[in-house]
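Here you go, one structure.
Every chain is named by a letter (A, B, C, D, E, F and G) in the order it is written, and numbering of its residues begins at 1.
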Amino acid sequence: MLPPEWASPVAWVISIALIVVVALIIRALLNRLIDRVIRRAADGVMPERLRFRAATPMDGAAAVLTERRRQRAETLGSVLSSLVTAVVFGTAGLMVLGRFGLDLAPILTSVGILGIAVGFGAQELVKDFIAGMFMLVEDQYGVGDLIDTGVAAGTVEAVTLRITRLRDVDGRVWYVRNGTINRVGNESQGWSRALVDVPVAYESDVTAVREILKKISSDIWEDPEFRDVALVEEPQVYGLEQISAAAVIFRITVKTVPTHQAEVARELRVRVKAELDHAGIPLASV
Amino acid sequence: MLPPEWASPVAWVISIALIVVVALIIRALLNRLIDRVIRRAADGVMPERLRFRAATPMDGAAAVLTERRRQRAETLGSVLSSLVTAVVFGTAGLMVLGRFGLDLAPILTSVGILGIAVGFGAQELVKDFIAGMFMLVEDQYGVGDLIDTGVAAGTVEAVTLRITRLRDVDGRVWYVRNGTINRVGNESQGWSRALVDVPVAYESDVTAVREILKKISSDIWEDPEFRDVALVEEPQVYGLEQISAAAVIFRITVKTVPTHQAEVARELRVRVKAELDHAGIPLASV
Amino acid sequence: MLPPEWASPVAWVISIALIVVVALIIRALLNRLIDRVIRRAADGVMPERLRFRAATPMDGAAAVLTERRRQRAETLGSVLSSLVTAVVFGTAGLMVLGRFGLDLAPILTSVGILGIAVGFGAQELVKDFIAGMFMLVEDQYGVGDLIDTGVAAGTVEAVTLRITRLRDVDGRVWYVRNGTINRVGNESQGWSRALVDVPVAYESDVTAVREILKKISSDIWEDPEFRDVALVEEPQVYGLEQISAAAVIFRITVKTVPTHQAEVARELRVRVKAELDHAGIPLASV
Amino acid sequence: MLPPEWASPVAWVISIALIVVVALIIRALLNRLIDRVIRRAADGVMPERLRFRAATPMDGAAAVLTERRRQRAETLGSVLSSLVTAVVFGTAGLMVLGRFGLDLAPILTSVGILGIAVGFGAQELVKDFIAGMFMLVEDQYGVGDLIDTGVAAGTVEAVTLRITRLRDVDGRVWYVRNGTINRVGNESQGWSRALVDVPVAYESDVTAVREILKKISSDIWEDPEFRDVALVEEPQVYGLEQISAAAVIFRITVKTVPTHQAEVARELRVRVKAELDHAGIPLASV
Amino acid sequence: MLPPEWASPVAWVISIALIVVVALIIRALLNRLIDRVIRRAADGVMPERLRFRAATPMDGAAAVLTERRRQRAETLGSVLSSLVTAVVFGTAGLMVLGRFGLDLAPILTSVGILGIAVGFGAQELVKDFIAGMFMLVEDQYGVGDLIDTGVAAGTVEAVTLRITRLRDVDGRVWYVRNGTINRVGNESQGWSRALVDVPVAYESDVTAVREILKKISSDIWEDPEFRDVALVEEPQVYGLEQISAAAVIFRITVKTVPTHQAEVARELRVRVKAELDHAGIPLASV
Amino acid sequence: MLPPEWASPVAWVISIALIVVVALIIRALLNRLIDRVIRRAADGVMPERLRFRAATPMDGAAAVLTERRRQRAETLGSVLSSLVTAVVFGTAGLMVLGRFGLDLAPILTSVGILGIAVGFGAQELVKDFIAGMFMLVEDQYGVGDLIDTGVAAGTVEAVTLRITRLRDVDGRVWYVRNGTINRVGNESQGWSRALVDVPVAYESDVTAVREILKKISSDIWEDPEFRDVALVEEPQVYGLEQISAAAVIFRITVKTVPTHQAEVARELRVRVKAELDHAGIPLASV
Amino acid sequence: MLPPEWASPVAWVISIALIVVVALIIRALLNRLIDRVIRRAADGVMPERLRFRAATPMDGAAAVLTERRRQRAETLGSVLSSLVTAVVFGTAGLMVLGRFGLDLAPILTSVGILGIAVGFGAQELVKDFIAGMFMLVEDQYGVGDLIDTGVAAGTVEAVTLRITRLRDVDGRVWYVRNGTINRVGNESQGWSRALVDVPVAYESDVTAVREILKKISSDIWEDPEFRDVALVEEPQVYGLEQISAAAVIFRITVKTVPTHQAEVARELRVRVKAELDHAGIPLASV
């Protein structure tokens, strides 16, 4: 095919120029598109169906959230932009080479075989990146959140598109590939709930126990030290979760500020023990 | 191939125009088709074999359901519409480029290799979206329902085509990929059932215990506080679920309004304990 | 290729007409084929190797079964018919477009890439539909049957080609994808069997216990209330399923009408307790 | 290519005729091949390396086996024959169409894409059929056999190329896909073995116990009621399977007629209890 | 292409003859190659890195082994030979057809689509055959060996390229697909080892117990009944495998002739019980 | 195609030279690119989103870290460089061969089939290498770190791109393929935390116990032997982690220098036992 | 294409000769490359990042290691060499056949379809071989080592590229496919560690027990019988691994010569029992 083009060099030059120009235009258009989506994400105007973060950010965390969102948007944007550039310029380069009369089959074959060979092994990598991108866009968790990824649980120390780094309660640092996280639980959004089970002996006076537990609940709700810092609503007392000859089980539940549930539960246990000791009601050994 | 077309420019222009016109027509037809299916879904006239929501929506929830269905239909419609536009215009663009005499092989190869490479990794993403679409169409659950997805259980806070967001009983927020949900249990449809097992000592008088339990059942069914709010039918007493030297087990079962079964079970336990104490019948320790 | 056809327009018109006519004929033939298979399924004349429903349908259920089979056959037929129409008309459309001299490569490439990309993710969907079709053809279960799918068990409320909807004993509604059901157990076909184990103390008189249990068995078989409603054959007593210093275990087994086994087992336990109390033979605590 | 053939119509007609004739010949040859293999299978002359059924069929079961084998052979033959016909005629049809000058690419593309799309999802279906075919050829189990498929165990009620239908001991009907059965255990071939463990107190006289158990073994072997109906060889007594301060364990093992092992074990336990009670040797509680 | 060949019929006939001759030669060469490998396998001259059967075959088993190896070699050879014939003649047939001027695309497409469709489902079948071939070549187990395949354990009754048939200790017959056996344990090669743990009370005299156990060991080693039939080396006594307030554990280990370990362990337990009773040393209850 | 090129040998020579020159340039460019990324990694200037190593390296470990990073960067660089060379030269070689008029289809086919055949099996290998590369780049762990890979845990002895070699606490050496490590926990980064649960009897004086534990905490924090070597912050005492009739559980938590948590916990237990013995407060048996 | 070549027979002969010569050269080059890598492996000069065998081979094992490495290198080399020969000669043969004017499409298609069909099933085989090659190159284990492969553990008796043969402690021979070994633990490299837990009663004198254990540790370290044969460093005593009302647990750890840890632990237990008996300190029953 070489001779015909060399025979009409004008059409040949025009076609090459056309390729380059179209490639530049397409890349610019795609980058602008990415840019706009990114900026909307940074401004927090992502369409509602993809944005469902807890509505009431605590104390001034809004600014932190906005900053975090902006950084993430940029990370995401630069990755997508690199991808677009590679594809568009790669295609244009191949087309220009073809215009020079070179046979492209060997290149395409080499790259294709390598691509497939690596592609089989790399699918987990692609899976990780896709998972990471959606995690960012959906803002599932951020640095400082306390999460449970199934294979490891702890406080998020860093997130990248490929992995999430946690530190668990023993101080162990976990590197978890995003693609292996099928579901993630976040304890730092909205509120937490503390559950305290109180097993009393079967012979106990059910009504009296219920009254004592209700009193403890309203006391802690009145206590400014807890109400202001850790509680979201007044504790509830549920009665007779289970009965047997061995024990009768009551349950206190209370909504708390995120991650404060253990603290509240401990205080409730201290008060329950004190009050029941005072009233002379024995616990069951369960 | 360039010269022949330039030689007969009329046929060339006509063929390009034909491509554009056909593309517009096809896109319009497909969009209209999608629109009609969507509108029928919004009006609740989907064919019966795909619609099997509980027939008796509780208190005025009908309007909520209709609104929810309309929003979902629109979400679904816009996604399908974007997909159709991308495929039709992409094809038409390639054909027009081909009419200009450019060799399409490099473009197709680049896009193809990238497509396959990403496709391997993205199959889970596609799986999520397909699962999400069917979940929407089949209306398996909605915001506010109490569901069990296998990997996490709780109240639905948000649903997208890719993930479902739950909040479990401890206040933890779960993000679950739709494609990982092989089966889902919904506790908020139709009715729930409370089961209360009552283990009494082997020596107890079986007939007497059965009478007491039957009386409790009819009492709670007569009690307007429960009958109107939480019960769907009178509790049933089943006898001798198990016998051994240690215990004889009776069972009370009762259909309740969805998600009220724990409340009803607690009340039943309180009444069983009171009545058995009154009759001097001891429980078995199981 | 355009000019040659335009040069001989007669052959060109003929070839297009041929395509359309052949497509219509093929579609009609395939639809008729589907129709015939469907009608035979509806009439219950499917070949025996695919039909092995319980031979003795209970009380007048035959009409219900026939109606159910007819509805299913139609569901199946309309799906297959749509599939045939799509393939035949799609092919014919492509061929006609090709006759107009348009280059089909871009269309095929776009659709092909999209098809493969979606195909990877959609294989589970196809799997669900195939599983659903065979479930229908083989009539493995229907609305109202009590089944165990492995991931959830309960009463079938609805079946589609993609999913099966169950309601379990707690009133929870389960949506199970047909393709995830590797084996399904149906408790509503033919008969069920109740097993009641009776552990007596090692020191007990084995012969006496066996006689008592046999008497209970023949009593319940004579009792018209049970024999007519729930029993299929007289209960059997098996002796010494296990021996140790702690207990000697007897077993009563009885074939019952489907899903009545729990009711029969309860009645057997009540009678066993009464008779053994009367005879002064203590149970072992196992 | 149309004109040249029309130009030499003789060669054209000949080539079409050749296609049809060759297709008919190939189909006939393949059918005959299938037929011969089938007939040999029906006559029980399959090569020995694929046939290893229990050598000693019980009471007159040989005729049943032969009949069963013949039915299966026909099932298998008709499926293979349909497959051969579809492939040969499909190919010939495409070639004839090609001879008429129609462009086959669109047909092949449509069918190919559909085929791949469905193929991904249908691989489990193919797997089921292949597993079913080998199960038939190898005669692994038949209607009436008691088998354990791993996911369900019970008596076989029906077998098709795709699924096996069982009924378990509770009367539940199981539909198991053949492809999910990695290994199958058949209790109805050749013989079964009953194991009865006898734990006696550590202080017992080991020699005396062994003698008693040996006497029980020879007694039951002499008992015509058992020897003729259920036993294959005399029971063996193995001594001191385990020792500890709590117990010394003896074991009786006996080969029985298939599926009679539970019955024999029960009788052994009755006799062991009677003899040990008589000798005043206590069992250990294990 | 048809006309040119018909124009030079000599070259055409030569090319066809060439195809047939080359096909025959290639097939003959490959068969001879297979034959030579097979014969070397039958003669036991397989390269050492693939042959590691136990070096000391027991009593005259060598002849059995050789016969078994020869049969297997033939099985393997006939399968490979069929495969070679199919590929070589299939290819030659296609080439000859092509020489007759027929368009091969439709055949290749039909066969290709079917091949891929079936191939997806048949990969497990191929896996089974490959596993079976290597099992034969490596002589991992044979009829009569006692093996553990992970999914089932028992005595091998038959082996084919696709499945292995076992009979377990309860007389159940297992059909196991070769491809599902990731690792296999063979108890019939070389030697087995019996382990007997002897827990004595913490207060026991450690040295005295050790002496008693050592005496038992040398006694059984001297006993011709065991030494000649079942033992490979003198039993070893290991001391204090575990200590706690409850017990001190000794262990006797002994290498035995394959599959005789249970018999030796039973005899050891009988002797240990007798000697410890005699010495008045109580066992611990563990 | 051979003749035309030989006809214009100048264009032919130019095209070959062009291929070689372009190949050299591309390889040089890619190597330089790799080199720059590597050098930045060695200098520790990797972009922040991929670098999140603990900020405070202990005693002079900074130099060790830098050296380790440099070695890794070189390993990574040489592998990438080899890969680039193979692809670029392979492509260029194929193109030059093509310029000589040789038909490339056979080579490409042979290599392609082999590539796909091996590719299926080699995907795990590629997965291992990709995992290894990211592990290096992200510096997840290094020689001497104490890690938990899920399948094995211990001290890292060596890392390659394919496997990681650990030595566990029993001295066993583990070779773990990098691609099988979905998440890895590193105990040697930043800090560790020791948890010591102290169960005291239910009747104990809660306030007194809490005071004793607090005193122990401040004592150990004041103790220079521990504060300087092992502690990061003062131990915390949490109260009433659980209450029942059996025990009341307190918990001491303390951040320690990495991998010193067991040592600190042992010392805390020694002091707790001494102090509680001294105060006469009994532990609960839990 | 046949005629043109026959027209210029000189160019035709040259091109065939060129093919053969190039094939021979390429094969020679690749074999030399393989040879060099192999020889370096045999000489132990593999690059350090792939060689991390224990640095201190015990008693004269160096020669054994070298011999073993040489044999392995040859095994590896002959396999790679066969592979290279097959690919190079296969390609050259195809090219020569093509030069003779034969149409290669049928051959390529037959072989390709067969290759893909088998390839799907053979991927596990390829996986095994790849795993075996890396196991050899990395020298993970050898004949005589005591390893844990996850699915089976024991002493290595033989290794091939496809499987590893072990003999476990009961004398059972295990054949394990190399590709199923995700991680392998080798107990025969460098050193092992024995752990002995000593639970003493809560009331014991902690300081006294620690002194006794330390004395035992230094005694055994001074004992030439153990120090020279089995110990690598002096045993360490760790205190208070756990405390509760039931027991206080001490731990002795000691590095031993590989596989001698059980022997050392037994001796430690004997001495601990003797010393504690002597001091009158009771063990806890834990």
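Keep in mind that, in the parts below, contacts are C-beta pairs under 8 Å (C-beta built on N, C-alpha and C of every residue); 3 or more make two chains touch, one makes a residue touch a chain.
These are the chains along with the protein names UniProt gives them: A, B, C, D, E, F, G = Small conductance mechanosensitive channel.
The structure presented is a predicted model; accordingly, all values stated were derived computationally and were not measured.
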Same-residue or different-residue interface between subunit F and subunit G, half as cut-off:
different
Which integer distance in Å separates the CA centroid of subunit B from that of subunit E?
49
What whole-number Å value describes the gap between the mean CA coordinates of subunit B and subunit F?
40
So which stretches of subunit C touch two or more other chains?
111, 116, 120, 122, 124-125
What sequence of chains forms the ring when you start at subunit B and head for subunit C?
B, C, D, E, G, F, A
Complex interface listing, subunit B residues touching subunit A:
2, 75, 100-103, 105-107, 109-111, 113-114, 116-118, 120-122, 124-125, 149, 151-152, 157-158, 160, 162-163, 165, 167-177, 180, 199, 266, 269-270, 272-274, 282-286
In the complex, subunit B residues that touch subunit C:
4, 11, 15, 18-19, 49-50, 52, 54, 87, 90-91, 94-95, 98, 104, 108, 111-112, 115-116, 118-120, 122-127, 129-130, 134, 138, 140, 148, 150, 179, 182-187, 189-193, 195, 202, 206, 238-246, 248, 255-256, 258, 261
